[in-house]
């Protein structure tokens, strides 16, 4: 017979091991799950990106990386410093943040709304789902000519293209989550006589929240990626514009500064949504919790 | 850093050893098609691989990666290469009718000549020949970039932008010029007279090659052979415009024959500017123009971007094929 | 097993207060398997009916039909039920993302709802746990939250599917008392599924046993409890013990 | 007291309404859910796209749509006919299908694997998650120069870029689903002594399947969208190439043919994954089932 | 409530067969609330222990600790348990995406596993439902599948959390018989949580009552059942009825 032995810390004190301690002692205990991940370790997530940067630095220093292909991290830092000293990076970031932010907010709202319409009624699904799938399948670049004709070349067009890009991951994930909502909760909602609005608020939305948040995580990066496309049109600032410009003249360091900014924003955005997720889904007892 | 100066007198090798291979970064399959259509790909003394690219920046990236050796391009990508510190000298220049680029004016924009450009919105695409054209138009009108609104767009978006009045003026090529006039000609859309804008464009396109390739005996000889054949091929185009339209625009690019003819007609006769100091000066003028507009990240020297050893090769081949060799003016 | 009781009451349509529940030839089944077989059932307003039956005999299926939650289950028959229904499911069915109190007052209108909900939680012994997540409750605590959810409502028909199954004897008695109070207050028709014969005898006005999709025993409670108990156990296939056990009606401690 | 009355069909026969019918009758019954969508109606989903096309046709016929902006459906059909007669559309489709298909298969496998690694171990997550988030945030266009340097300009590079694009939605969705896996099933797996492999096969993968399939739906379209980028480099065929070319010459009809092909492929791909979903998730009793 | 029993057996470490379960000063709690309060427990190999207690008294918490499933619950104490454990959870806990038979044989190695699983399903009265989805089963059927899952295993320690709660009297008796058979075959130590005093008395060698995180009653079963029954009900706070009810050991129908 296999016998596993576990010895937990006992309270310090005069009482020997035979005598029970004076009061119940609730100490945090180390998680030793055999399956599934261990307890989260703070900052461990930073390991991957740090290793990536370390490998990059090593390859650059060792000469394995042609600096014209991928400049060394310090070169990129220096370039970033120059761009900051110029005020260019700040200006471009501010412009892009505004565009991406506006597009993100509107796009997430639109995606959520469409997902609710399509997820909760057949006729809504019939009308909404196909067009969204088509939109999703169509390259943003190819929509630009239409967007120019219909919405001009100003901020409006840019925000609309971002909204359309952001909308789809939110829609797809929220819609799938709604469709996967446990039918037992819908039954419950019916028996307690929830109105449609209350059903959406109390059951549909919280139940689909995990899916929505996954969609949101994708939407955050998509809003940034769309900048590369929209800031090629009638823009004179923005991080996408900066990168297109730099690509024209092969300014690899500037491109890589842009990429690093994208990467950092991606990590930050993801981190932010995960923080929201942890709070909003604190009720969940799941593998990752 | 910057590229090492060209040893202008170093002899250009002629022997192509067997097994020599060149990768050509083509654009829209143009070089590939002209060589094949004119029969110049037959009994080629070296192996060639054509890889198709879209846009100058992508080709530059391919050069940088050593994934391409030679490429045909417009007149501004070599400038970008210089700015980027890439050593890719020009080995062949070709010129079409500069009047092939027209300035289209949106309906109701109120532009009848270059003098009316002040305060207007101009379509602008950095890194393209059209960039220089717009800047030259401003120069000709005695304006600076501050006197107008430059609207940065992708080249492909120019026609839509000017047709719908998102910009007032945009340089267009065929077949867009004709389509533009068909679409909004009766609403007041127009193109400025060809004579007024003839001086804005150089009509130049180049073939350039990586320096490392030119420093390699075998591949330099192959590039030389490629230059000779390219010159002959375009001379063939001059003689066989209809076949060219069919082979290239219709077969390869999927345009209508009508559109193809329009393009070929607008381009006129292909001539070969001598690859000499005059051409270098002409290119330097373009560089200075862009630099003066504050659009170059750093100033560069046009002379660094030519391999003049190819000058005699081009001239000889052109004459032999019955094509005109011209001196670049300015 | 043969049909012991068909219980065909005369058509009450054209009278004053008809039955609260009226089912005729109610059939339901899954994938061709018949679970309810032309079942007839009437429950008068205010009547308390206990439903017993083997595991898998169709009790929950019947309750789901009465709750009109089985629109996608194949079947046939006529069914009249009141619109104001409350259901206690066999699983506690708490929304895992809503705190305990929010689960109790789910769908309750009015300003006083939360106060009533908190009072109900207190009654089921969960005062102070209002802000707990359902996942932080023990099995019996979850069941009591589900019970509290039906206590704060005012249904014309209460359908409860083994609402006391996970409770200890004392807690169970307290919950019985609460249920009786609810009945006294609002006089709903009640259909209660239970496996506990004594519970059925103690609480119900009438006891039914379901088997093979039909009602095989239908008896009023309250006359001869011992005989009823024996008959019920017999209908359920268990040899009845010699001595009937009166279930204490008052818990030993304070309620 | 509100009384709802429901009358269901009775068997035909001599028996009147008072006498019970001769046998239990199991008839399909109409779903009348008050909350949540009604029963699915076949082909109803086609309504949205059809309306879209109808609106397009009406606007074209009525002159509300400038044919230079968006040619009429019949013009596009005629152009598609020409391209088919040429053999061009078939060739481009075949080339693209092969690229997208290879990239999709490899990318889905890679995304799934990475999601498992990151979802089931902390150290795996530390190593994998950050870099994938960074990758996800970085525009594909900006990766192309590096891809050229490292993988050349041939098919290999194209497939790798597609793989990288496809990987991320699969990863993000599967990872989120794994992390959301109910801890109770993990406990169960531990008590029955499942090995890690068996745990993945029997618990983790089936539990995360809904999320994975949502990721797959996005991956299918992403594999096509990536073509627009990769077929700008070293390609002379493919639907992305076709569209880039057409854009150069302003051939709006050809662009729209491309867009329609994209839209159709998007709808088809989505349909296919949904069909798989319906079968694979047949155990689910959910709102959308 | 005062501690009625501390049950401190002399240290058995240096003997031959030590206890199967040995817990010392076991404390567990959630968010600072103590649920298990320095609890000591020994279960001998092959011993059958029934665990009673009010709803929320910590029975499941104790079982989870014995199953070593509570590594993330704060607490302290010493615990020795065998490695080969089988657990029947308070919820049936079937994988919803696996068919019934796959749920039963989950993690079972060997070629004969499926045959044994099918046999176990047959024993719990679910022969023919092998390919059903868990969602298609009634509450009691799900519970029986969970029971079948533990019947096909050969544990040194069986932890069962109200495994019969959703079963009718007859089915419950049949399941008792199956559990007894399992015990006779493999002689595991058993800790069974139940709310049914009679069930505890009928099945167990020893009966414990948990309250406020401690064991308040620890008595061998089998001597005076009536007295034990009364004491148990007393410890649970219920006034005992006058007549003890012997639970029938044989079902009325054929098993």
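Here the chain labels run A, B, C, D and E in written order, and each chain numbers its own residues starting at 1.
The rule is short, and it goes like this: contacts are C-beta pairs under 8 Å (C-beta built on N, C-alpha and C of every residue); 3 or more make two chains touch, one makes a residue touch a chain.
All values derive from a computational prediction rather than experimental measurement.
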Exercise. Determine the set of chains touching chain D that also touch chain E.
Key: A, C
Practice problem: Could you quickly compare B-D and A-C and let me know which has more C-beta contacts? | Solution: B-D
Quiz item: What is the distance, in whole Å, between the centres of chain C and chain D, each centre taken as the mean of its C-alpha atoms?
Solution: 45
Self-check item: Separation of chain A from chain C, taking each centre as the mean of its C-alpha atoms, in whole Å
Solution: 47
Quiz item: From the C-alpha centre of chain B to that of chain C, how far is it in Å?
Solution: 85
Exercise. Would you mind listing the residues of chain A that make contact with two or more other chains?
Key: 33, 39, 69, 145, 149, 184, 189-190, 194, 203, 247, 252, 281, 284-285
Practice problem: Could you list the positions in chain B whose residues touch two or more of the other chains? | Solution: 61, 64-65, 156, 160, 164
Quiz item: Which chain C residues sit where two or more other chains touch them?
Solution: 91
Quiz prompt | Chain pairs in mutual contact under the definition given at the outset | solution = A-B, A-C, A-D, A-E, B-D, C-D, C-E, D-E
Quiz item: Any idea which chain A residues touch chain B in the complex?
Solution: 68-69, 144-145, 148-149, 152-153, 232-236, 241, 245, 247-252
Quiz item: Considering the complex alone, what residue numbers of chain D touch chain A?
Solution: 33-41, 44-52, 66, 69-70, 119-131, 133-134, 136-139, 141-142, 145-146, 149, 169, 172-173, 176, 178-184, 186, 189-190, 194, 196, 199, 203-204, 210-211, 213-214, 217-218, 221, 224-225, 228, 240, 243, 247, 252, 255, 258-259, 262-263, 265-267, 269-270, 281, 284-289
Quiz prompt | Interfacial residue positions of chain E with respect to chain C in the complex | solution = 30, 52-56, 59-60, 90-91, 125, 136-141, 143-144, 161-162, 165-173, 195, 197, 233-234, 236-239, 241, 243, 245-248, 250-253
Practice problem: Show which residues of chain E lie in contact with chain D when the two form their complex. | Solution: 67, 69, 85-87, 89, 91, 93, 95-98, 102, 106-108, 133-135, 149, 153
Quiz item: In the complex formed with chain C, which residues of chain D make contact?
Solution: 1-11, 17-18, 20-21, 23-33, 39
